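First subunit A sits with subunit B, and in the next complex the same chain sits with subunit C.
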Partner chain A sequence: MSAASVMARVDRDRARSWLQDYGVYVGVAAIVLFNVVFTPGFVSLENFRVQAVQAAPIVVVALGMALVIATGGIDLSVGAVMALSAAFVSLYLGYGPLVSVLVALLVGAVAGAVNGTIVAVAGVQAIIVTLAMMIAGRGLALVLVPQLEGIRNPALREFGSGSVAGVPYVVWVAALMVALVLFLVRRTLFGRRLVAVGGNRRAAELSGLPVRRTLLLVYTLCGALAAVAGVMTTARLQASDPNSVGLLIELSAITAVVVGGTPLSGGRVRVAGTVAGAILMQLLVATLIKHNLPPSWTQMAQTAVIIAAVYVARERGRS
Partner chain B sequence: MPTDRGTPVLRARGLVKRFPGVRALAGVDLDLHPGRVHALVGENGAGKSTLIKVLTGVHGRDGGELELDGRPAGFATPAEAQRAGLATIYQEVDLLPLLSVARNLFLGREPRWFGLIDFPRMHREAAEALGEYGVHVDVRRPLGDLSMGARQMVALARAVSARARVVIMDEPTSSLEPREVHTLFEVIGRLRGRGIAVVYVSHRLDELYEVCDDVTVLRDGHAVHSGPLAGLERLRLIALMLGRDMSEVAREGATTFAGAHDVAGGAPALTAEALTARHRLRGVSLDIRPGEVVGLGGLLGSGRTETARAVAGDLALEEGRVAVAGLPVRGRGTAAAIRAGISLLPEDRKHEGIVPGLSVRENIALAAMPRLSRFGLVSERRVDRVVSTFMERLRIKATGPSQKVEELSGGNQQKVLLARWLALNPAVLLLDEPTRGIDVGAKAEVQRLVDELAEDGLGVLLISSDLEELVEGADRVVVLKDGAVVGELSGASVTEDALVDAIARGEASPVVRDRSDGGAGAAPEEEVER
Partner chain C sequence: MQHDPQETEPRRPRPALAAAAAAAAVLLAVTACARTEEDASEDDGGGGGGEGQEQVLDEAAAGDETCTLDEYGGEGFDLTDVRVGFSQSEAESNPFRITETQSIVDEAEERGVDLITSNAQSDFAQQINDVQDLMSQGAEVLIIAPLNSDGWKPVLDEAAAEDIPIITVDRAINGTACEDFVTFIGSDFVEQGRRAADQMIDALDGEGEVAVLLGAAGNNVTTERTEGFQERIEAEAPGIEIVFEQSGDFTREGGQSVTEQLVQSEPDIDGIYAQNDEMGIGAVTALNGAGKESGEVSIVTVDGTEEAVQHIVDGWIHGVVESNPRFGPLAFEAAESFGAGEEVGTELIITDRAYDPSNAEEELPHAY
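The block that comes next holds the complex of A and B.
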């Protein structure tokens, strides 16, 4: 290799690390720009509202995923947990909307806690534990609610499609979750612990950090956030459909997290990047649909994005 | 400049390397000649590791020329450098602890048999290759089971292939036992005999004089001196490294330990009784009084690290009690020990200490975080205060508290870890190789600090493979063998000779108190290192 190419490498390293941190914002800007130019009707208040409403569950799920990934784990069961919580909303609707929503959230948290316990205490790999939960969770949802079930409840309908101050309720809730997770990560002991556990578990242990408790809490939180997303989706669709609620959302969520600059190996968490990543995923899907490309294209596009993101993140932390 | 010795194998001119906020190399020249061992010395953060990484393609360079055999060269990746004949052992040994020793040794170039790994052959060859480096272990075991020293040897054996022209070692001896250092020197002697150019980085000056021919002194990214080592006075070398006057350096001795401490009476700071763990510890008891520095002597695998880990709640015990200031440690695990006032600085900086990706600040505050928080909320103000106190006190060289810890030089990372444990304000401090990889100046600072802490009434347990450090620093040395206490030296009988003797024979020559459990003498001679 020539000397020039050696020197070019330095710049490449810097570019790569910049891309990992800020690439997602460039991506969002680019896709917005593309749509402004090529998609008729993109620039309208109504469309913004639709996009925001559809992005909301992805954002919420991705937040939980970001926390899990920061500890060096992964949660493939988020979609199944969404379906499970949707099933419980319809099962307990007889007790009133509030009770059914609370039960649904609790169920999500419990599913997450089960994941967390097996990962933290038994030390089984997260990918295997949550894969099992992904299959079992959706299976259970299908047993409880075998087919699409309409939900007629004025309060839930209002939550799913109403707005306050021009902003849909679900977007408010997503914003609240973002604020909550930001607070956890920036200000609390728990937030410091989860990145330390992901960065070097052994050092965390030796420093007296409650490693298992931290992991348990992270997975529980991820489950609860998935349940929030499940409730949002149910309220918006006015139906509980265990077959389709949250299907493949784990792919979008993981992509959002990685594109947003949180490395898959853990030790770092980027909340704002994750939110931008989730928005990017939503816009990607919307754009492809608007331009009449089949849904399988969406999945391929997502896969391409995640591979690109992992590639960019690859070289960091090695030199 | 050195006299003409023909073309150097590797010649660097005006190497420049900038990192955000620092110029790690500011125009460095280096000539490596066949069959000569070249020492690279300088303070922590002087740029030694960076120079090596720029030479071997880990980092790109921002300026300067590189010639291999008189032809312009440059390596874009470490693999390219390796192929060109530059074998390197980096400061932070990076092997895979879960894979077997043999796999680590042959990673990426395993002997094949119809496309499959030929395990019998690989194991045989691995055992042979390691034998040359004085490592006799079961090569099928995971690498993680080996001592740091043995791992270092595996790294060396891995790097030095038949085609190597230049062998570069960044602080190879910082975790080696005297016996292993000896083996390493034999290996270096053989390399030199084969006409290989060797680069040797170390903070241990004795070793440099023993094994090196030439020396280059780095200071703040500049090569401030280059030439043959013979005839260069030791004091002058230190003065060059520190950038100070020789007379100034002369006033401070080799180690800066003040000697004996005033040991307070009353309850011991630490009492450990009958610590027992399968295959590792067999009834180790010891106590440390406030203000006392107790050394732990013994060979690799004698149970020194395990004793420290047991005290710190990091090793599951079958039996044994630990008390701080007379109060038994309540509960199990590291958190309980930390609450009771026990701090352990672990020996493996990379795997047990540093949290990569986090800043210097977060790394320092890691263990103390609960104390710097209220109701689960971190008080940034208090964290800042503690961090800046310790960064100043230990003179940690970084662009600021928010710099990533991986970007610090090895010695400064070690100081960050020390700060982490001191920030807990412990009653008992267990130091496992505390001056590993620390330069002469910083080493003196750490030793002075240990003295100061002892004076403040802290009980200190000191583990060091540097016998001089142990003898100078400790008031008492407890000697371990095969996981049991086999003797103890105290007062005037703590000398290097007595210690070497005690360690070698497994019993202290003037046995002050023999606390072995009777089984130690009968224990089989074990050559295998743990």
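The block that comes next holds the complex of A and C.
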């Protein structure tokens, strides 16, 4: 191989690597630019608030998903865990809003811990374990709260639709979760371990890392974050609706993570990229709705984005 | 499919953690249970027997054809001597399905009929199995709320071989009346769309821009409620323009999210036609959140749930076209007449009520 062709290949790898890491920002910039030019009323504080509020649950779910995917796993049960948390908010509302929210978060964490235990200890594949939880979790939520129940609580209502300093509460919470996950990933031992487990589980085990404990914690965290999103959605809707809350959100979340530069094979996690990926998913849906395009286009557009992202990641993986 | 995930654990059982976690979940569920039952009994709005809530047939809309025992085949029966099977299509998680099932169950109880029921949870293959199960459990009359209109031929043949009369409610089955089934009892969804259009025209004085919140894609209810609405608007109100059509999937969340987008891109929208109450209520929440006043945007919905009719009283919704789910009385009446050898119409279309600001308060008790 000549020196020139080696150089060309190095350049190509760099380009791919750059695209995987920063492509999502280009995507967000492009879709924002498109809307600024072609969508009436896009540049307004009110519109930004709507997009941020609608993106918040996707961002929060995607954060948990990013951690799980970084360990080489996947969590299909996030939507069902949202439904479970919504159900428990409604069931425990009689004890006050704070108790009901705490119980809902606890239930999410427990569901995540069950996933984590089976994945980490029994060694069953994550896709199977979380698929079972996806079905059983929504089933249980529907048994507990069979039909939509209105939530008439001033505090929860304020949380769902109110703002402080001009920024909606749910957006503050999402930002707090982003900060928390960034801190975990960048500053803690746990953050380094989860990436090590995803990179090479065998090597991590051999070097004495607490692989099982790390996995258990990652899935628990993912469940708890999904529950946060469930509480957000319930507060915004002013109703607990286990039948439709979080339906298909796993797809948006996985897409956000992959588009954001975290490879499905694990070993690496991009938190900021994931947030940008979730925002991209939200803006994609919003743009198609605002331009009154058929809803089936949304699914096709989402699919196109995920295929493009996986393609970029694959090219890089091979080289 | 809904096994406890624990059971899938094949090797190296280390159950302590998992068991503790599962126990915690069960404990939480159990402590909460007493509360759900209380809550459920409080807002038990369903039921079929209430005065003035029963379905009434629309004589003009019904088809002319009839069916008798002689034409269909089989022997006469008395309802109290036979077992009746009811196959529900969707989970009882919305007011329509809850009220529909409750109405059938209540009417059976009232008449002292031996009723067995099943629910296919929106799975068509499951519903076919359900109907076969009902037959194998000795059902001699079948009431079916079909999930789809097509794909019923094999089961219908099976039922026909045993001369089991079939009554379909709320959605039709594609087949030959009085051969594949005895009768269809349901609403006219196209007509519901037309009547929603009438309410919209009334609300806007025939002038303005309207958005449509569509139901789930690929569903005949969605298509027919759209068709009737468009047809009537085009014919009667050229001043009304439909500028926006997006799906809210028949859910409150969908109606809310889409409306939040809508008010940003079309802030001057005059009316919203929501194809069910849930999406309409979601639209109300969205408009409220965007700082609109009640009545600023005229909302028209279809279904007739209590919450939606209450919103008319409060001024947020302009009108609701009813889709009455209380099929019990008419279905058993049809079965009784048929069993006695009398003529039964093969297409029984019911009269749906309509709620608007003039009657909402008074009619609120009729909502489900």
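Note that the second predicted complex is superposed on the first by the 307 of 319 C-alpha atoms of A that agree within 3 Å, B and C clash if a C-alpha of one lies under 4 Å from a C-alpha of the other, contacts with A are read in each partner's own complex, and residues count from 1 in each chain.
Here, a residue touches a chain if its C-beta (ideal position, glycine included) is under 8 Å from a C-beta of that chain, and two chains touch if they have at least 3 such contacts.
Here the structure is a predicted model, which means the values were calculated and not measured.
By the touch criterion defined above, A:Ala239 lies against subunit C but remains apart from subunit B after alignment on the C-alpha atoms of chain A. By the document's definition of touching, neither partner reaches A:Gly96: not subunit B, not subunit C.
A simple residue count on subunit A separates subunit B from subunit C, and the partner touching more is C.
Contact with subunit B, but none with subunit C, is seen for A:Arg187 once the two complexes are overlaid on the shared chain.
Taken together, the subunit A residues at the contact with subunit C in this complex read 39-42, 44, 46-47, 50, 53-54, 88, 91-92, 94, 103, 106-107, 110-111, 113-115, 117-118, 121-124, 128-129, 132-133, 135-136, 139-140, 142, 144-150, 161, 216, 233, 236-239, 241-245, 286, 289-290, 292, 295-296. The residues of subunit C lying in touch with subunit A in their complex are 1-6, 8-14, 17-18, 21-22, 24-25, 28-29, 32, 35-36, 39, 91-95, 98, 214, 217, 243-247, 249, 251-254, 256-258, 260-262, 264-265, 267, 278, 282, 285, 289-290, 307. Across the complex, subunit A meets subunit B through its residues 1-3, 5-10, 13, 187-190, 192-193, 195-196, 199-200, 202-210, 263, 267-268, 317, 319. Listing the residues of subunit B that touch subunit A in their complex gives 53, 57-62, 65-66, 72, 74-76, 80, 312, 314, 333-335, 337-339, 344, 346, 351-358, 362, 365-367, 369-370, 373, 376-378, 406, 420.
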